[in-house]
Each structure stands twice: as structure tokens, then as C-alpha cells.
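Below are structures written as C-alpha cells.
Shared between the two complexes below is chain A, which pairs with chain B and chain C, respectively.
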Partner chain A sequence: MAACSKRLDKFIVSLRLLRNLQVQNERSISTSLCRWASENDSETPNFVPPSKPVIIDKTQAAATMRKFLSPEFIPPRQRTNPLKFSIERKDMIRRRKILNIPEFYAGSILAVSMADPNATGKINRFVGICIQRGGKGLGATFVLRNIINHQGVEICYELYNPRIQKIEVLKLEKRLDDNLMYLRDALPEYSTVDPDMKPVPFSLTGEVPLNELKVKMRPKPWSKRWERPKFNIQGIRFDLSLVPKQMEHAQKWAQPWQEYDMLKEYDTSKLEQQILSEVQQEMSK
Partner chain B sequence: MAAWSCRFLLQRGPRLISPRAAAESPVQLVGCVRTVKTTTWFEEHLTEDNQEYMRKSMAEEYRTQTAEKLNPLKDEPWQRHEWTEGSRRVGLVAVKLGMAPIWTKTGEKHAVTMLQVQDCHVIKCLSKEEHDGHTAALVVGGKNVSPFHRSEQQMEMFRNAGVPPKQKITTFKVSDNAIIKPGTPLYAAHFRPGQYVDITAKSIGKGFQGVMKRWGFKGQPASHGQTKTHRRPGASGPGGDPAKVFKGKKMPGQMGNMYVTAFGLKIWRVNTKYNVLYVNGSVPGHRNCVLKIRDTVLPTRGSTLLNPPFPTYFTEEEGDLAEDLYDDDLFIHTEPSLTLT
Partner chain C sequence: MALPRLSRSFTGLLVETSYLIHQRTFSVSPVAAAIQKLTRVRVVDNSSLGNTPYHRSPRVIHVYTKNGVGKVGDKVLLAIKGQKKKALIVGHKMPGECMTPRFDSNNVVLIEDNGNPTGTRIKVPIPAQLRKMEGDYSKVLAIASSFV
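And then the complex of A and B:
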């Protein structure tokens, strides 16, 4: 008992010394206390260190491992000085370091939070399916479509607009076409997205899932003649809305020579690789 | 290469005069005679090796010339005067790169044109008496080009300044305290964000155009009995009382490819590394065309508060500026997203 009390005295003195020295690392004090306690109470020789707290940072969505270059980085085929594109790319990368712009395609479901002076709580959140990605450089845009209270709503957002607070991908998938404008003439169930939808987990490696959904259309007339070959739409169930004779009549507007036109060829593979490596380098700095 | 040209025969009294001596007194045109013009281009009589050598040597020489800051012949710069009320400073010659969007701190989007100042040098200084008797002028040149397609007279001017030959040369009317020594390079930092400029350039040429495209006339209906009249001007004046068509009547003719000036354009941003100016709105001319930029003449957009460099921006004396100079209202992409409150 005396020995214990002596040890306790020493312990209290040492604790006071520690406090005087203003040791700020509380974990070390607690471990030393544990050590003292275990040595006092039991004879266990193996010291089990306390488990380190694993910090999962959910604020930054993990970057994709796929080699994906956003289409607005690829310069159009024009007679502009490449210096103009490289200066614009620097600005785009600066913005991307502040706001994480994830990988998405036409057909993915996104939620965008934008600062709005007229909204309650000053931030406007809109969930919708991306039907089109257009524009190059800083003026790149994407259009989100949703049906709210039986009213179809489409909002065109600029990717690099400073009022955008957050872009989340709720469901990452590709469709059979790059441009889903025909959803305006499709049945409303294909454009409805639940505003409170939970994000669907997707893998960061491997292929992006392709949704081979063929959409049923409302009766004709449509806003555009989607059956014509210039739109080259794969994702519509034409057999339910059109007779084979109408499909053949639509083929009259086919321009089969266009695929052989060499002047229309724009091979972007080398440019893409070069720009992708440049962007990845800059983003990792 | 032999080309045909025409030589005019001029007569004063009984004697025939040559065209060069014919300027002063009245001369009568008697007739014209065909002559053979013998002009060659630089590579016609050279072997291939010599052609390549000429090209490389000229390119290297011009690169060293542009790298040198001052005129190689005379080494001291001229005296720099202070800015006074009513003094005018020189402008720049730039190349139009393209357009891009820009956002302000309140979230508004504007379109800007990017102009790059490529190899801008002062070529000649004309004093008040030489120029027009009222103001002094500075001849400034833009973008470098090859010397092989310039005439000897032009090359002499560039050689005196110690500068490679330029694609565009313009004169800027300048007050006496803003003259600069020929051969000094001019940079984009000459202009500062928040300043207003006027830009002159040749608009895109559309050729000979009709009255509907050129002047915006309404034309005539497409149907309901119109015989061969759908895009014609229609009437050309009042009628019997003047009994004439007034001078300046809008008619079909050449549209575009003429000098047009856009006034009062704000400068949003200056990139000193690549010498690029971001100017509000659109600017006449096609991409990669050469333009003339000067301080505004508009009285409500003076830049007295900004203290722009006078007579121009010198890299040695003013030291290093930041790579990008921004206007106060401009949103810079390294800042966090805007929360409008």
C-alpha cells in the first residue's frame, strides 16, 4: 500500500510537471496514464496501442481512375492560334482546382447547386438528366432536364460559371446517343428524375455502364424529325411510332457520301493525349 | 519573269516628257506604249541551298534584333517626360486571337476579345513640322514578316530603326512629351485593366454586296405577283423636285475590308507573360488580323485615375509586374465560388 501510494505520489508529481511543461499532446498523456494503470493493475507485457482514427474525407469526391478528358478541352478545328487555347486551358484548370467537375456523359444524372440571389437560402439545387454537352473552352455548357410537377424543365448550366457551388454525379452512365434532345418528345417517364435521389455508387475504374434503353415516343408530330439519318439516333423505339414505309422515306435524306469525305475528318487522338497529359500534370500540382 | 506593263507618253508643247518629270506643269497624254517589266522574286535565281541559307540567316538576324532592347546603332534612350494634362501617348499594334467568356464578381457574364501584342516596335519619329504642323507622330509597326517580299524603300525604313520588317505600320498622333526613340519595343503592359481603348482594324471583307445585306433594306415580297424584283433597292429619291439622286445614296457596292473603329472598349485583364490584352466585347476583323489600339478619345472614359505608364511601359525601369493584371470587378478563377448575398 505504501509502495502504491509512493508510486501514486510520483505519478501525481510527474503529472504536475507535465502540466507545468504544458504538454499539449493529450494522447501521449492518456497513453502514459493507461501504461501506469496497466502496470499497476495487471502483469500484461504486450502493450496494445489505441486504434488510430481513420479519417474518411467525404468532401472531395474521389477522382476517376479512367483516362477521361472532358470534351471542352479539345479545341475545335479552326484557324486560331494554339496559344489562345493554351491560355484558356490554364484558366479552366485554375477553376477546376477550386470546384471539382466530375466525369459525366449525356445520360448521367447530375445535381447542381448554384448561388442564386432570389432563392431561399441563397443556393438553388437542381437535379436532372444531362441531355447535351456543348461548347468548347471556358464557355462549355451542359443541359439538365427534369419533370417537376408535370412540367418539363431544362436548365443550361455553364461548367465554369463562378456561381456554381457544387456538381454531383448521382448516377454515372452513358446512353446510345451523345445528344438526348429527343427526350422532349418521349413519354415523360423517361425524363423524370427524383429530386431527392440518393447517389448510386459507381466504380472509378473500368468501363462506364452503357444504358441500352430504347425510349418510347409520344405520337407525332415531334419537335424534330428524329427518324432522319442526319440525327443518327439509336435510342428510340421507332417500330412503335413509325411504319417501315415512313422509315424508308426518311432514308431519302441520307447522305452516304459524308462518311467518305476526307475533308471532314478531324483526328483528335494525338491532340487528346497531349492535352490529357498536360491537364493531369497541372491538376496534380 | 517578264510581265507586260504600260508606259504613258506625255507631251508638253512639242517635246515628249517622261512621267517622273511631269508632276509640276500641265502635261497632255499622247498615248501609251507596251513595255516589258523585269521583276524577280528573291528565290528565282538562287539555288535551293542558297534559298534555305537566306531564310535561316534572315530569321536568326531578326531574332537577335528583337531580343535586343535598344536600337543597336545609338545606345542611349531618349529622355522620358512626365505626364501633363492633355498629353497623348502612343498606342500599340496587336493581333486578334479570339474570344472568350469572362465573369464579374456579381456573377454577370461578358464576352471579351483576346489581343496579343506580337513584336511591336517604334519605327520612326516624325516631329511636328515633318508630320502636319500641329502634332508630332510616331510610326509603330506590328507582327514580324519576311523581308523577301518588301520593297527596298520599306526595308530602308526598317533598317534605320534596326528592327525586322513588320506586317502593319501605323502612325499615332502624339504630344511632344511622349515621343519615344525608334527601335524601342512596346508591350501589352502599356495598357492597364480598367482603361478604355479604341480599336481600329479592317473589317471582314464580304465583296460586292447587294443593298439588303449592305444597308439592311427590306427588299420586296417573294410572291404575290412580283416580277423579277425581290432584293432590289426600289426607289432612289424624292422625284421631280430635286430631279437627281443625292450624293451618298445607299446602293450596292463593296462591303467590308475597310477600316472600322470600335470606341470605348474596356480592358478587363492584361497578361504580361504572353502580352495578351482582354478587351470587352467584339472587335472588327477576323481572327489573326492585325489591329491598331489607342487610348480612347471619348471624354467620359478618360484614364487619368489609373496612372498608365507614360510615355510607355519599359521592362527595365518599371521592374516585374505580376503575370496577370486584373480589373477590380473581374472574378479570378483562383478565388472560391461566388456566393451572392
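And then the complex of A and C:
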């Protein structure tokens, strides 16, 4: 190390001598020659590289500016080693770097292109409204529902399945509930999504628009008793399908003590912030 | 007073008092294991046998699998309009594996013994996994209009 530094010093001193010599030479030579000499000298000293071109990739959709953490990153309250969740998160981020998984909520309209060995052109495109987001970690799923030719179809997609080629958000919005399974018992107009729908432009900042639509239901019986308080559904027009007496009868199944149950509390705010900062750091690398 | 007690003794039957809004007076059990014997199915092709109205809906009377459960692509025997007819299952209400579609009704396409479809067109979307059975049901796939 000491020998290297000595050699460096000698090198720098020799460079300085050379520069001095060059300066003296320039003064002695005439102006035209001086110019030629100066041009020559400008090529040899420190090379200044040209500024890096700023590449704006318009093909990839811009990332959201909102502080949004996808719900499958938040680990459930379990007695497993947190190392498992952190390894899973690394894998999830690795997949997200390849495939852009946008921000969406239950009630948003998505188009998913999936690789299918059986389909013509190998790619199968399905457009639908997201009715449910479930699962944690790599097994996170979302269910898309649409009505095609008067037939209701639902497909449960895995977010991190390698068969998925593209996920586009055609309309970003939230609904009054997280789980829109009641759309199965609602009138078909609420589940129909035009497969050739153009993407509705949405802002990357500010609040996600909340659609306060209250859905009209088919006559009872429904697949589940949606009026019961355990489902806590805000987005159905119960006054059109149920009598107030039936609503009161449904309240018999209310469990008001659950709100005060301390063992069921799972405050994820700090965990969320921590994971969000971690994920943003990893994604920006 | 006695009537509610009687109704409780009948398993699966619900006698409801009439409300202002019309309700069915029998209970519908939730989705069982896909399609089995005595399930009511919906015929989705445009054959005359499947579309003419009858006082009884088409029902499955036999499922041609090792267990009696029929999934997409299995053959079943239906009882339609007092006759027996074979059919192919093209969609059921039970959720299957991930990335496969789940339909809101149990759909079925009428078929002859040699595998040829009875109808000439299927308007309802068909799951793409049926394309694997190119050899047996290629004619059914040919009459399908859309795949999901």
C-alpha cells in the first residue's frame, strides 16, 4: 500500500511537470499553432463522458404515487418464523420486477392475459370485475367475475403465477365492501363488464374513487344470507328485497361483543409501514 | 305453533310463512361435489331436445367416472323428456383448480354415443381446458363459439 501511494505521488508529480511543460510550449508557439496544440491537448486530458440519456418508458404503466401496500405482503398473525415471510417477500418482489402488478381493489375492473397452451395464440384474455382478494404471500389470489353471453363466469387467478403475462387495470375504483361475492345473487347488469372496454384514465395521486353503488338483488333465496351482520355488507339495497321485520330478525345473529374482543385485535399499521418501506427500497434497486 | 315444530323435524325442508315478497318454500342445498346423480343441469347447445320445455328439468342419472363425481370433460347420462341421453359436462358451479373458470350454472352439451354433438352451436363460453381433448370431442369444440 505504501509503495503504491509513493508510485502514485511520483505519477502525479510527473503529470504536473508535463502540464507545466505544455503550458510553456503553448506560450512560445504562434497563435495558429497554439490553437492546433490546444485542440490536441483537449483530447488527451480528462475524458468527460456525455450526459446519460433519460429514458422514459411509455410502454410500462407509471407506478402509483400513492402509498399503497398490496394486502398479500402483510403476514397473518401466526406462530411461524418471520424469516419465512421475509423470504417470501423477496420472491414476491423478484416476480414484481418482471411483471408489473398494479394497484387494484375489490370493485376494480381488470383485464388479465394468461398463457394457455390450449388457447389459440397461446394467450387467453379475460376481463372482469374483481370481487375478492384473498390469500397471503405467493399464494395470493383475486377473483374476476364477468357475464359473457348471459352466462356468469368467475376465474380465480393467482397473482404470482408465472402463467400470467399481463395484468391491466381498466378502471380503478373501490366499493363499499371488500368482498363482492353478493354480486352472484345480484341482477346480472351489475356483473357485466364489456370485454372490449377502453382503460379509464385514473390519477396516480390522491384518493382512489369510491363507488357508492347499492346493488339490487334477485329474489330470495340467495347463496348466502347477506343481510346477516357477520357479512357486514353496505352495498346492497336491502329495502327492495327485505321487509324491516326480516332485517330485525337478521340482527338476532349479531355478535356485538366481537368488537370488544381484545384477543382478536391485530394492529398492522406499524408492520405495514415497515414492510412498505422495505418493499419500496427493494423495488427501486 | 305445531307447524314450525313439524317443519323442524323434516330435514332440509323449510316451511316459511308468506311474506310480502315471494320466496321459495323449499330449501336449496349449497354446491355439492360438482355434478353427481340427480343434479339438475342446463343444456347449452341449440338442440331441440335440450331446448323444448318439459315439466321436469334435465337430470343426471349416471356419471361415467370411477367415483360418481363429474367435472369438466366428463360424460354423464341425462334423463330429458322421458328419454336417456348422453352428455358432456362443460362447466359447473363448483370452484375447480386455480386459473380455471367457474360458471354460475351446471352446463352440459348433449352428445351421441360416438361423441358427436346433437346440437349445431354452443353460445355459452366453454373452458379452454377442453381443448386438450382434441381427439374425442373435437366436433364439440368446433361448434363452440367462445372459449374462456
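Heads up, the rule we're going with is that the second predicted complex is superposed on the first by the 228 of 285 C-alpha atoms of A that agree within 3 Å, B and C clash if a C-alpha of one lies under 4 Å from a C-alpha of the other, contacts with A are read in each partner's own complex, and residues count from 1 in each chain.
The rule is simple: a residue touches a chain if its C-beta (ideal position, glycine included) is under 8 Å from a C-beta of that chain, and two chains touch if they have at least 3 such contacts.
Only a predicted model underlies this, so the values are computations on that prediction, with no experimental measurement involved.
A.B. asks: Does the superposition put A:243 against chain B (first), chain C (second), both, or neither?
C.D. replies: second
A.B. asks: First (chain B), second (chain C), both or neither: which does A:184 touch?
C.D. replies: Only chain C; A:184 stays clear of chain B.
A.B. asks: For A:215, select first, second, both or neither according to whether it touches chain B, chain C, the two together, or no partner.
C.D. replies: Neither: A:215 stays clear of chain B and chain C.
A.B. asks: Regarding the shared-chain residue A:151, is it in contact with chain B (first), chain C (second), both, or neither?
C.D. replies: In the superposition, A:151 contacts chain C only.
A.B. asks: Considering only touches as defined above, state whether A:165 meets chain B (first), chain C (second), both or neither.
C.D. replies: The first partner, chain B, only.
A.B. asks: A:126 in the overlay: touching chain B, chain C, both, or neither? Say first, second, both or neither.
C.D. replies: second
A.B. asks: For A:116, select first, second, both or neither according to whether it touches chain B, chain C, the two together, or no partner.
C.D. replies: both
A.B. asks: Thinking of the overlay built on chain A, is A:69 touched by chain B (first), by chain C (second), by both, or by neither?
C.D. replies: In the superposition, A:69 touches no partner, neither chain B nor chain C.
A.B. asks: Applying the touch criterion given at the start, work out whether A:141 contacts chain B, chain C, both or neither, answering first, second, both or neither.
C.D. replies: A:141: touches chain C, not chain B.
A.B. asks: Shared contact residues on chain A, chain B side and chain C side combined as an intersection?
C.D. replies: On chain A, the overlap between the chain B and chain C contacts is residues 116, 158, 161, 163.
A.B. asks: Which positions of chain C touch chain A when the two form their complex?
C.D. replies: For chain C paired with chain A, touching residues are 19-24, 27-28, 30, 44, 91, 95, 98-105, 107, 123-125, 128-132, 145-148.
A.B. asks: Under the touch definition given earlier, write down the residues of chain A that touch chain B in their complex.
C.D. replies: 78-81, 83-84, 87-88, 91-92, 94-95, 97-99, 115-117, 122-123, 137-139, 158, 160-165
A.B. asks: Considering only the defined contacts, which chain A positions touch chain C in the complex?
C.D. replies: Listed in rising order, the residues of chain A that touch chain C are 114, 116, 118-119, 124, 126, 141, 148-158, 161, 163, 184, 219-221, 223, 241-243, 246.
A.B. asks: Sort out for me which residues of chain B touch chain A in the complex.
C.D. replies: Checking each residue of chain B against chain A gives 95, 97-98, 100-101, 103, 107, 109, 114, 116, 271, 274, 276, 287-288, 331, 333-341.
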